[in-house]
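For reference, chains read A, B, C, D and E in written order, and residue numbers begin at 1 within each chain.
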Amino acid sequence: MFITLLKRELMLARRNWVAVLIPLFFFIMVVSLFPFAVSPEAEFLRQIAPGVIWVSALLATLLSLDFFYRGDYQDGSLEQLLIMSSPTQVALSKVVAHWLVTGLPLVLVSPLLAGLMHLNYSPDGILLERGHTPIMMFSLLLGTPSLCLLGAIGMSLSLGASRNGMLVAVMILPLYVPILIFGSAVITASLGNSGYNAQLAILAAILLFALTLTPFAIGRALKVAVS
Amino acid sequence: MANSSMSSWRWFHQLGSPKWFYQKSAKWLPWLWAITTMLLAFGLYYSLYASPVDYQQGNSVRIMYIHVPAAALSMVGYLSMAVCAVIGLVWKMKMSFMAMRAIAPIGALFTLITLFTGSLWGLPTWGTWWEWDARMTSELVLLFLYLGFIALHSSFSDRNKADRSAAILAIVGAINVPIIYGSVKWWNTLHQAYSVTKKGAIAPEMQTPLFIMIGAFYLLFAIMVIVRLRLEIINREAKSKWLQAEITL
Amino acid sequence: MSSKQSEPSSYSSSCLEVKGLTISRNEQVLLENIDLSFTSGSITHLFGENGAGKTSLMRALAGLLNHDSGQICWRGFKTSHPEANFSQDLLFLAHNLAMKSELTIAENLQFYTDLRGKSVSRSEIQTVASELRIESLLERHFAELSAGQQHKVSLSRLVLESAKLWVLDEPFVNLDARTRDWLSDKMMNFAKKGGVVIFTSHQAIDGLKIHQKVSLTHKDRNEQSEAAA
Amino acid sequence: MFITLLKRELMLARRNWVAVLIPLFFFIMVVSLFPFAVSPEAEFLRQIAPGVIWVSALLATLLSLDFFYRGDYQDGSLEQLLIMSSPTQVALSKVVAHWLVTGLPLVLVSPLLAGLMHLNYSPDGILLERGHTPIMMFSLLLGTPSLCLLGAIGMSLSLGASRNGMLVAVMILPLYVPILIFGSAVITASLGNSGYNAQLAILAAILLFALTLTPFAIGRALKVAVS
Amino acid sequence: MSSKQSEPSSYSSSCLEVKGLTISRNEQVLLENIDLSFTSGSITHLFGENGAGKTSLMRALAGLLNHDSGQICWRGFKTSHPEANFSQDLLFLAHNLAMKSELTIAENLQFYTDLRGKSVSRSEIQTVASELRIESLLERHFAELSAGQQHKVSLSRLVLESAKLWVLDEPFVNLDARTRDWLSDKMMNFAKKGGVVIFTSHQAIDGLKIHQKVSLTHKDRNEQSEAAA
């Protein structure tokens, strides 16, 4: 059942492959706005890079939620899915698909942005042979699934409410704060050559916590949405 | 024993009845008002005139007597909202959802008061009205949580759906509040150490009025919730006969 | 109505029982204390004027709308009970056709049969499609069809999925005469084999043999006058 | 005709007053994410403030577009509007309403964010009596209408395309870059105590340019969307 | 059919003329070189099986769908020509009901009359609503109505707005019998007064006097075989 559901989500995403690329473009574009808006100076960019990359990843995840939930709600598919299988399974299949289609590509494309933001240079402008890119990717790898899970709750809750995509953002952004803090702290710590294991551990803990608790909540929320 | 659990069960059921609550609360309210006004008047007099001036902060320390009680209530408010949410979802109790809905804007108001008095206080003491201090920041996030809840609840045209959805959000939010607080604290201590130490031992002549004010604020909060809850009942039960009889009386 | 009963015998034991069902909409009671029984092999026409509560009742049967009180049983179990296997037995077609516009017709249909754990061959899909005269559209995207064609696709599910209870909200709408006949045939066949059919329609359907007619009446007017009083 | 259309848009917004507040909340929330993600240090925040405020305003404008266009498209109202009045008028009424309901409130709420981002302090931490808030507001006042106009083109074009709210973002963000550059440059110049009249003039020119050219384009795009 | 002709005389001069119209969908010609004329005072029933192109033709008439060739004239002017005043004279009701779920019924209706520059009093709205038995719903939000009730709201526009050409896509769908009668009455009255009615329907409507029947046939099948060849 779960496999069928997941295959469906992935198939829909493949059909809309442009829609799948869009969060990626969005991620890249938002990050690249900052050199224009703040300052193109390398050292400065390096400092704000962790924050900018994480905030952009977070927004990209949040805004791409719509694609996986709204359509099914509006055309009546969600009803059918919930009648024919269990809410938790529907929830999980959507979260997994969302992460595979949006979260994972974000992680994979992030080295590009690390380059843009001069993340691989030392403060005196020397290209590091072992840059901060891998650890940045790892922080995103641990953090994005939690973003998808929490976001899914907000999305499901807002489905029945209004057509407003930003409602989810407003509900969920406060809940994203811990993930954002520890996620960007990992990179900042790495930039400052200090340890980041504690932060990574917390990110992992948050993920475990979210994985065990949220699918049920998402299922409930979806059920309420169609009622 | 069996008897007592029976009666508490009955009480629970009565509380679940809008009619019972509406009628009883009309009797409670005058008393509550009386006690609260007295306590508040006494507390304000004590704290604004009779308590000592802080040797460091001068008169601005008096903001504390509003600030700290409001801060306490802002958090209690969110928690009670989540408790109502659980009761509403598990026992399908409409009144509980109404209470949850009633608490939200009041909790948000107390959060705003905390933020506002805090900034007012910050200006003379720290020379800035906003610092990204752990406490203040998590209070800001709490405000956002309240706003999210209110935004969600108000976005539905169907009340039933609004209640159930918002309840889920309240619970998820409540689970996250300690996590947020913890992470903000951790983040803040990591990033910077304050030159201004916030905590000092509080003198007993400051503590007594503070406690009185906290008590008064709790009561005030309760009154506001009851009043809003009554409004909510009027709103939702407009078509029921008992309420029409009640109002025309 | 001599049925051939070639299908599994479990069919005939299927029966949907509604007891004391009360449904509210907008904090107003819409249907109160309703008792209904839909036996195996029967076709039930739910009727009533606009806003009587037909759709609401159907959504409650399907478990999508919460009811205030009462219970709905399928084969003696509550529909929410896993033993009832209700989710596998029910096929509910609503106004929203629940098809993805990005997928082709064939893919859409395939997905629903997959979800039932039933493997359906391409030729089976083709057979239904040709009966419905949409065989040339199987590779088209759902959004590119006319209203009636879209409706036909949704109806194909009736044949492809082996459900035991059909709950159909206005299934005859938007269909041309030929397809209406096709649908009534399918409904009668299904009932003959022991299936349960519940449908709504504002139009009379020639040639469809209905076993039970349930009329819902509008409570709104009464309440309105109460509220005004 | 125009008045009727505008009144309708404003009425819909009033009915959805929450939906109107949401972009504001979003604006405030996104700005407040940056201290968590980057650093809460006052001087640092002051430096990134122009960029962060402008990027957030831009995203809030972009994402709130959906509310004014998508609903009308999906429920068939847009068709009716286009049949019964001229596309340009429909376009203008929507843009004006969007700005009144989203753009203007953003400008009005921005002083709060200026406070959060310590925009009114001198580099050595002294509260300025005449801070940079007024000029920040002015830059937003000149810039947001252009954001609304350009955004409306993207939105109308994307209506028929897909259900994807982010598509607009990806189409329009590149067009927003000039506005972003000059908008944030105004504040940065003010922070550095240098002149900002040239930047303001350019913002004004962009606005004039957008006002004269875009309504027609939006109307055409709307017409294509319903066909 | 002796009409009373109490309405403005300009009514009677209205006439919709379609010449050599060709419409494509999906790069396939759907309707080719169609000539039609809808005279003042006539009711035209467009029919044809699902996918024949009825909706497409109507959307082309309303100026929403581009046509490949041919022209559509209203009172002798091209419909896109300002002199034709087509946008004021046309009332097109499609499957999408074009009502805002956030507004009440009354507000929704008011907006459309405002857009026609016609002021309609509250009592006029109430009259129509009570004819349609939705008077108690006027202050409800559109989303909270049943399918048929929503449809009725959309039909109220026919009475409230003073259009001269009605183009109605499946107007009888989802309606209960009483409302179907109401609608056919309105259509006949409107035609009597010189209006032009074009509608589609898959069901026969008892009591509706139709002056012209236009049958559209499906080109798809032929093309399919062409494409295969």
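The definition used in the following text is that contacts are C-beta pairs under 8 Å (C-beta built on N, C-alpha and C of every residue); 3 or more make two chains touch, one makes a residue touch a chain.
In this text, all values refer to a predicted model and were calculated from it rather than measured experimentally.
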Please identify each chain that touches chain D as well as chain E.
B
Show me the overlap between the contact partners of chain B and those of chain D.
A, E
Going by the contact definition up top, give me the pair of chains with the most C-beta pairs touching.
A-D
In whole angstrom, what separates the CA-based centres of chain A and chain C?
39
Hey, how far is the Cα centre of chain B from the one of chain E, in Å?
56
Where the CA atoms of chain A average out and where those of chain E average out, how many Å apart are those spots?
47
For chain C paired with chain E, centre-to-centre distance based on mean C-alpha positions, whole Å
30
Residues of chain E that touch two or more other chains: which are they?
95, 101-102, 144
Quick one: which residues in chain B touch 2 or more of the other chains?
144, 147-148, 151, 155, 158, 160, 184, 187
Multi-chain contact sites of chain A, meaning residues that touch two or more partners
16, 71, 74, 162, 164, 167, 170, 173-174, 177, 181, 227
Please give all chain pairs that are in touch with each other.
A-B, A-C, A-D, B-C, B-D, B-E, C-E, D-E
For the complex, give me every residue of chain D touching chain A.
16, 18-19, 22-23, 25-26, 29-30, 33-34, 36-39, 44, 47-48, 50-52, 54-55, 58-60, 63-64, 66-67, 70-71, 74, 162-167, 169-170, 173-174, 177, 180-181, 184, 188
Complex interface listing, chain D residues touching chain B
16-19, 21-22, 25, 29, 32, 35-36, 39-42, 45, 115-116, 118, 121, 125, 127
Within the complex, chain D is touched by chain B residues 127-132, 137, 140, 144, 147-148, 150-151, 154-155, 184, 187-188, 191-192
Taking the complex as given, what residues does chain A use to touch chain C?
1, 4-5, 7-8, 11-12, 15-16, 71, 74-77, 79-85, 226-227
Where on chain E does chain C make contact in their complex?
25-26, 48-56, 95, 133, 136, 144-149, 151-152, 170, 173-180, 202-203, 220-221, 224
